[in-house]
Amino acid sequence: MSDEKPQIGRLGSFVLLASCPDRKGIVAAVTEFICRHEGNILDLEQHVASDDAMFFMRVEIDRSGFRLGEEEFATAFQPIAGRFAMQWELRRTDRRPRMAIAVTREPHCLYDILVRHQSGEWAVDIPLVFSNREDLRATVERFGIPFHVFPITPDTREAQEARELKLLAEERVDFLVLARYMQILGPAFVHAYPNRILNIHHSFLPAFAGARPYHAAFERGVKIIGATSHYVTAELDRGPIIEQDVIRVSHRDSVEEMIRKGRDNEKVVLARAIRAHLEHRILVYQNRTVVFG
Amino acid sequence: MSDEKPQIGRLGSFVLLASCPDRKGIVAAVTEFICRHEGNILDLEQHVASDDAMFFMRVEIDRSGFRLGEEEFATAFQPIAGRFAMQWELRRTDRRPRMAIAVTREPHCLYDILVRHQSGEWAVDIPLVFSNREDLRATVERFGIPFHVFPITPDTREAQEARELKLLAEERVDFLVLARYMQILGPAFVHAYPNRILNIHHSFLPAFAGARPYHAAFERGVKIIGATSHYVTAELDRGPIIEQDVIRVSHRDSVEEMIRKGRDNEKVVLARAIRAHLEHRILVYQNRTVVFG
Amino acid sequence: MSDEKPQIGRLGSFVLLASCPDRKGIVAAVTEFICRHEGNILDLEQHVASDDAMFFMRVEIDRSGFRLGEEEFATAFQPIAGRFAMQWELRRTDRRPRMAIAVTREPHCLYDILVRHQSGEWAVDIPLVFSNREDLRATVERFGIPFHVFPITPDTREAQEARELKLLAEERVDFLVLARYMQILGPAFVHAYPNRILNIHHSFLPAFAGARPYHAAFERGVKIIGATSHYVTAELDRGPIIEQDVIRVSHRDSVEEMIRKGRDNEKVVLARAIRAHLEHRILVYQNRTVVFG
Amino acid sequence: MSDEKPQIGRLGSFVLLASCPDRKGIVAAVTEFICRHEGNILDLEQHVASDDAMFFMRVEIDRSGFRLGEEEFATAFQPIAGRFAMQWELRRTDRRPRMAIAVTREPHCLYDILVRHQSGEWAVDIPLVFSNREDLRATVERFGIPFHVFPITPDTREAQEARELKLLAEERVDFLVLARYMQILGPAFVHAYPNRILNIHHSFLPAFAGARPYHAAFERGVKIIGATSHYVTAELDRGPIIEQDVIRVSHRDSVEEMIRKGRDNEKVVLARAIRAHLEHRILVYQNRTVVFG
């Protein structure tokens, strides 16, 4: 039996994310495996990237009645994973992820996240926000969330990022959202959270990467501006894109108007990306994303 | 092995469309059945309508290597269909459907369809176009397609529709597209082609059903206008919606401007609906559609 | 000299909003009048509704150097207004309007407005929020804004609305925003603030007016849902539309998903309507709006 | 008296396009001038680019009753133009422009233009289509329009372009539309038609300039693809942008799907740009466009 609302069961559900070279019989093997252990498939999506014949799959399994626990699953699933040379991971929907936020001065994405969190829109905990500046302390603390400042200069970057990583580890943070954080993360930091740092860039990437994208968009005279949420990789603004959206502008819009209108777009693009991440709907392959349903 | 392009195999593929009350094990049973007969699943999508616990599924099976032909499939699949009280149909992608078109005076949707057809965008044959008027004869015949006229008056409607149905039957028409056909089809006609008559209505239904929707939209002062493609049912403009889209208007747009801008919207909405129908991606249930992929 | 940013001058600017039957020479007469009194036109937009030949105009005049004050303008402009049978009003951009908000239980539009206000996005004061329930008191008071509760029953409506009107008058409120206020205002209330009560309705009007529009949209199986901001008139959900926008949904979206996705749409539609109202860009005529640039 | 439909008068109307450094009194001077010569302003739009204080204006004047003819206007307007250091041009709406089209192999934009032309959607004449290949001859000739082929190799480019220019001159072509013309025009050609060659580029510029933009977009994993219509300048894909639009894609879309979906976007973006050009609504300044109303 399937259902759109995953967390109905007392025990929540498992989400199996898997990818492998495409071959005959993958879906049948996986679904037969689940059925054999009395699992109830709540949702199943699959995709084959035809250009390089890679297979991607997301299956959500009701844990009520399912005979396998987290560790048993790994053992029991091993033969199938081996046969298809599958990369896979299993996630539990009853475990609220812990999300940290990094900000600098712009409050709009931060506010948007805090309000959604407070309204209960997302099943997530926010143990901390950190920044390289003091500006947004009051905003964050008003929502009862600890605010940490790590000032960054070229000389202190490495040491400060080490302290940030230590804090994230202590707080058992699962993933980090850069909500208009105006510092470039060093390679050690990026390496510590692969496909677990979400950024919002205020342009329609790959157009206008780097600094001051609205100014660049204005200069170029574009008729549409965008925002892009992507996972952070070592290469600036080049990570796998999760979500993008755009809004229409015209000659009437000054740079300031573009910035103002763009904010509403940035907020919603970042929120959609966070939601997809929280729901374990994203698979990354070849610096691109598969974002299921 | 899966693939995005269905018709790769020499024999094309089967599309299985199925729906039933939601229960445990449907996906596993169907995929195991396909696998057992050496079938290769090219694509699989499923959906559960949580409000009434109905299960919907679309599976595309490569016919190369598949041990079942069309009739054998029916027999072999019967036990599964019976067990789950499943409604199902099997379609072949190597069989080009035959599409008829009905028009009156507006040429834009007609032209759009004829050009797509001629460009080879769709795997469809168009054996005929019919109309209640002569106006578009030259447009149609220029594309080498027979054009039939059935003038309609209140007194002749029933007899003329019978003649139309006879023609459609003779030409083995699979489905009919009303490309701005300005006559209301009688119940006998509608009944003859259930979920096989596609209409384009020039409003965002359910707003502005009936005649002169752009005039009504202008009167109401809306800031967005739409178009809706739906299957025709006995109730006017109330059939299951396949596709909708909108465009922005403003106080600057007169009714004439709305009509002009709306045409581009109508064309693309109808074209998307036709494509979904041709690719066997639509399931109808409770006067709503599930449109896969 | 013109400029996109109105409030540059020390004294701000005047906005002249005018409408009259269309005739030759209106623009020339008005601009010559402004020029003669040493006024600097910052922005000028005009529109003629061709269906009924009505002329609409918005002119923004820099007050620096302009020889006319508010009262003198009225006297000096009278001959032109008389000649063209013009309806007109003059507004000052240096005077921050006072906006009240009415809410019930849904916090998303309220939060969105409070955060924009706090971020300084709008030149507006918010002296109060009122509600028929206690639910959102903490949210409002956190932003340092007084929160008033007027419980409503069929028997008390008239008396309570009189108290609300008294409060609005005492606080010199210029206009009222219904940010998902789930009570129907009585005729006396509506009459007191003509074209000065903005509502957000959670559907693409005129589709799904009245209660539970997302449920109705789901039932009808639409592929797009919308939100509409309009001025409140005596007829429910029938007032002049200021702004609308839509988002795409599919069979995958349950009613709950539509409600969740719709919230982001409602917020931005209401915010745009408020901004247009604040910038004196809206003219109402025949239950429709002209929303300038 | 104003009106949305310009060509009502027996004589059509004049469109005055003007730009100059922003100063006090420009609108008043121009409108007073028109009024003094008994001109009836049908439409007036103005814009000030605040970043560099440039003023732009478009005025449409009914020629019925207007005392000035084309040449008299130039003389009479000279004092105002001189006073404000104005660049200006005057166009007549009763004179159908002559538009040439260049194509290579892709038929979709060509077809779209020919059908709109045939339907009378635009007030334009199309005296010829030229190409570097024979492929689309039948498509063009079916619409009764002469088709010319100028094969291009690196060695013959210059000579062939000279022949093309000669043909355009003989046919008194006002502007040229590159409807997926897959040759780069040489500097002499571009120089001959400043802001009078419209191109459609199949990406959201400045992203994915140059060849094979859909392939590049697929590689980068974007979630939205676009199309851009711009005036051609010496620098490839860098000319002033007239119109852009986008469509949403996902991991499900192969390059071929992007190409197919993109076509519908290209068609409508190019059609909107052509319409704006035909209606004399475009002003170019600093490699950007002002596109009025």
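Things worth noting here:
Every chain is named by a letter (A, B, C and D) in the order it is written, and numbering of its residues begins at 1.
Everything that follows uses one rule, which is that a contact is a pair of C-beta atoms (placed from the backbone, for glycine too) under 8 Å apart; a residue touches a chain by one contact, two chains touch by 3 or more.
What you see is a predicted model; the values in this text were computed from it and never measured.
Shared contact partners of chain A and chain C comprise B, D.
By number of C-beta pairs in contact, C-D leads when B-D and C-D are compared. A centroid comparison over C-alpha atoms places C as the chain most distant from chain B. Measuring from the averaged C-alpha position of chain A to that of chain D gives a distance of 42 Å.
Chain D has its Cα centroid 37 Å from the Cα centroid of chain C. Shown for chain C are the residues that touch two or more other chains, namely 4-5, 50, 252, 254. Against chain D, the residues of chain B that register as touching in their complex are 4-5, 107-108, 111, 115, 119, 121, 142, 252, 254, 256-257, 260, 264, 268, 271, 293.
Across the complex, chain D is touched by residues 1-5, 22-25, 27-29, 31-32, 34-35, 40-46, 48, 50, 53, 55 of chain C.
Per the touch definition, chain D reaches chain A in the complex via residues 47, 49-51, 56, 204-208, 218, 220-224, 226, 240-246, 250-252, 254-255, 287-291.
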